[in-house]
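Some structures to go through are shown next.
One chain, chain A, appears in both complexes that follow, with chain B as partner in the first and chain C in the second.
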Partner chain A sequence: MTAANGLSDLSSEMEVDAFRRLFPLRYHEQHLLKSVRPDARKLGSARDTTVALGLANSTDQLLLYYLFSGVVQTYICIFAAGAVASADGSALAKIGSTTMLAAIKMEVMTPTVESPDEGSLAIEFHMPPICSPLVRPGRPADVASVISKQLSDTILSSGMIDLKELCLVGGKAAWMAYLDIYCLDADGALFDAALLSAVAAFSHLNIPVVSLNDDGRIVLVSEDTVQLKLEKEPVNTEKRKLKLNSPPFSLTCILHKNYILADPIAEEESIMETVVTVVLDSSYQLVSLYKPGGPILGHTSIIQDCVALARQRVKELQNVLNEAISDMEID
Partner chain B sequence: MASKTGSTPATYSPSPATHKKKRIPIADWVCPDNRGFYQCRPAYLRTGAVSTAAGSAYAEFGNTKVIVSVFGPRESKKAMMYSDTGRLNCDVDVFAVVLESGGSDLPVVISCASLALADAGILLYDLFASVSVSCLGKDLVIDPISEEESYNDGSLMITCMPSRNQVTQLIVDGEWSTPKIHDAMELCLGACSKLGKVMRSCLKDVVTDLKE
Partner chain C sequence: MEVDRKDGRTANQLRPLTCSRNVLNRAHGSVSWSQGETKVLAAVYGPNAGTKKNENPEKACFEVIWKPKTGHVGKAEKEYEMILKRTVQSICVLNVHPNTTTSIIIQVVNDDGALLPCALNALCVALVDAGIPLKHLAVAICCCLADSGDILLDPSKLEEQIMKAYVYLIFPNSTLSVLPEESLKVIGEPMEHGLIASSTHGVMSVDDYIGCLERGRAATAKLSDFLRRRLQSQFQIDPSKLG
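Entry: the complex of A and B
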């Protein structure tokens, strides 16, 4: 490592960049020795996180001022931006540079025979080629299907959504909520940002008011149509919100030698291969623990440290989400 | 669209299936957002939307929201053939995602791509701006929204390089009379040069912000 020590004394900008490209592991380890990371974060701290909930049909809202409220560019977030006007629920979540856009569309399905009074969720995660140089068109990224399944399992098993709330007419009609999450910028901790945007989108979701028409189909109720009586479904005069029981929040950590780095960026994820994702609900109970291999073994103490970091993170994320919800309500 | 693995239950949207709205007589057409026929939507442009890309831009024209990322120049996958002179083959990849489609999507994508390429530092002959025009009966509507596009008799899209005064792309479809095409082209070229100025000032703002 003597060569690296000599190199670390160089102060000119170009050499540091070259060192970072040629010897990324050594570059990061130099920082870890001083208990800091290249972007000046402490090992256990996460990046700045923002959430914006969609507002349906707000014509004057400019979308995505949030996209640009990073550390370098200080375009102020003026509006709690309207994400996607045509979706029933939408949200934009940003952790550092990682940006996720979640959109929910509600459609009607016939419930299964085994659970006639339950609706359903269909969750999918997409990585369009704009998000990362590693994604090629026509070849979906491997990590996209992994995260898709992870999200699906986490959200369904956390019990955040009671599927019985999605029932319309027992045995005949229920809601199918299609949740699509698009990664707009992939800079590490994709699962964390995706889960946060999913929870935020469900918080924003407005279930449309519908009624059963004579053909046995469910149709949207608009102001000028006569409201027909819907069996068992109380016809509200306004759109209904979904009740979220204890939403899950997650923290991804990277393990390297004896260090635990919370909320990695893409560069850190690519050079240090051991990843641990801890998902806790709002009462700090463990929803899921995910450690897909890696050269560092998961000893009890390490896992406990990751869970402790996750607990802190849950508090932060709850604050961020509550702020976003109250911003939306003010508007 | 998400779908479950295994048995995917068939679903339908509760929105009214019959989309046949009564077509308003064109003579009475008023742009829903109170624009004049020859007025473009206000344009919001920003570069640097995607941190992982070499260059990127975000554009919002009314309800049409687009992100474009540029990756490159990077190594090309083709041309592995032996050559006795050194050869470096590079590709520049431009990807676009339409986040919300509010009409006139392709011209917005093109203009946004131009900004993204400039943000990536790719050498360009000039910026390029793109505008489309819809023919609604006797009237020409510039920068149409999706409703106007669905009612049109014809549409014309021009992409041009404003400083060089050169047209790089022209797409015309539908019913057009020759004088109409001339008018439409004039309209578009005028709008393109204005849009070019907006794009230029957007790029300048980025540089002045960096200097501060």
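Entry: the complex of A and C
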């Protein structure tokens, strides 16, 4: 066909970058034929993942400089020091270029009548315009609401947090944990990075010490008064850590013809439309298998391959998280 | 294993299905679909000229608007809209009407469990009623997993809340073709065994999920038959009425 000949003439003369922009699908397919991806990864391998705990506190700004470079770092420092200077738990997770900052703030509130001995979690995912040229200020991206809901469902149904641990005084006071996750750079696999940052933030969380004052209200016991003798006994002794039972980890894969690509970048996600997200907990139980439509059908063999890739990823992510926790404890 | 279900159904039995087409006279396609007590109204308007901002103008664009029975439109509604939109994009022939937008509105009339599957089934019939070109239909089913490991199909709201986990599954419609079966297979399996979409709630083992997939597939054959019969019967018009 003359059209195809025309294309191939054009492609032989063109520079690689131009070819990548004009014919993205053909560019990626040529890589897939050799079982590799444009960034030299194998089809089933994920990008480099790092987690840093406790970033949204004023003392850890040096870490911020270490992790970022260029213009982005000025934005991050202003953002972290101003908005999240006193978060009770925070974490920064990076998968390749995708960056998520999670912060948890705790507030005392009265529990509901149906569950008087349980606290609650409010999970919110934000995509500020800094993360991607496709997100403009004003109308929030649709993707943000969907990921926010997926995160709430996954964290609550996986049973990672036992809400009874968040109770202070049965029927009268319980903790409400506000988890906010900000996407700082959207380069594919947003849900994976967001879930990882959420789990890391919960691992870092220090529940503040509170005590009951004369009016019967719960007050925060600040750092200074802990040194002096307290008039009232604190309701929860020492800053406590939450116990996480089998935290969930996820892997997003893209299906294209017969290939399964793990951990896609934004460019791959935009040209190959079928996405499958598998969330497994530490005992390899399936917390969620999310496939929101797409032209490629998921036959059982493909689903099982995705689950096998997710299993490997769970091991990698557990190691990354444990290293980050032990780094933080050394500090 | 015998399972006691409140309404006396067996584990594999679906709730009674009813479907009425062309219920709204302004919409290009509309249907009122119910599965037991769950009732959904779907309307299709389109194709209308122009595509939305970040969409590809060489293909037809779809927008899905989900209206809950009560309350504001929140994140759950946005999630349903996204799943339905992506499913619709995979079943419609997108290059017949390029640079057009087709709006699909789903109005929940009553929610008694398996809401997303009900909405998807309604949506497919509404698309056929509007005459939008489709490659094949999609059928959706909800499977839930009891603590004992039994898999129940098409749960009611009460059952969804007490079960350990439930899964919404969307499969392509079974094909009725003059071509020999072998040529229609993809990876050695018939096309209707593929999964278009899946959304799970609750923790289950991977084997349980594969079990749900198989049960779901078997049940979609019944749904496909029902759809085929309902959609064909509209066209048996009385020949004496023709001019």
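Assume the second predicted complex is superposed on the first by the 273 of 331 C-alpha atoms of A that agree within 3 Å, B and C clash if a C-alpha of one lies under 4 Å from a C-alpha of the other, contacts with A are read in each partner's own complex, and residues count from 1 in each chain.
We adopt the following convention: a contact is a pair of C-beta atoms (placed from the backbone, for glycine too) under 8 Å apart; a residue touches a chain by one contact, two chains touch by 3 or more.
Everything numeric in this text was worked out from a predicted model, so none of it was measured.
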> After the match on chain A, would you call chain B and chain C a fit or a clash?
Replying inline: fit
> According to the contact criterion defined above, which of chain B and chain C contacts more residues of chain A?
Replying inline: B
>> Quick check on the superposed pair: does A:325 touch chain B, chain C, both, or neither? Answer first, second, both or neither.
In response: neither
>> Per the contact definition in the header, classify A:182: touching chain B only (first), chain C only (second), both, or neither.
In response: first
>> Going by the contact rule set out at the top, does A:128 touch chain B (first), chain C (second), both, or neither?
In response: first
> So, A:285: does it touch chain B (first), chain C (second), both, or neither?
Replying inline: second
>> For A:271 in the superposed arrangement: first (chain B), second (chain C), both or neither?
In response: neither
>> Looking at A:32, would you say it contacts chain B, chain C, both, or neither? Reply first, second, both or neither.
In response: neither
> In the overlay of the two complexes, what angle sits at the CA centre of chain A between those of chain B and chain C, given in steps of 10 degrees?
Replying inline: 120
> With the two structures placed on a shared chain A, what shortest C-alpha distance in Å links chain B and chain C?
Replying inline: 7
> Once the two structures are fitted together, what part of chain A is touched by chain B and by chain C alike?
Replying inline: none
>> Give the list of chain B residues in touch with chain A in this complex.
In response: 1-4, 9-16, 33, 44, 46, 48-54, 56, 58, 60, 63, 65, 67-69, 71, 74, 93, 95-97, 99-100, 209
> Which positions of chain A touch chain C when the two form their complex?
Replying inline: 134, 142, 145-146, 148-150, 152-153, 157-159, 258, 273, 281, 284-295, 297-304, 307
> Considering the complex alone, what residue numbers of chain C touch chain A?
Replying inline: 54, 74-76, 78-79, 81-90, 165, 167, 170, 172, 186-187, 189, 191, 193-206, 208-210, 213
>> Residue numbers of chain A touching chain B in their complex, please.
In response: 59, 62-64, 67-68, 70, 73, 75, 84-86, 97, 99, 101, 105-110, 112, 120, 122-124, 128-133, 137, 176, 178-180, 182, 184-187, 208, 210, 217-220, 222, 266
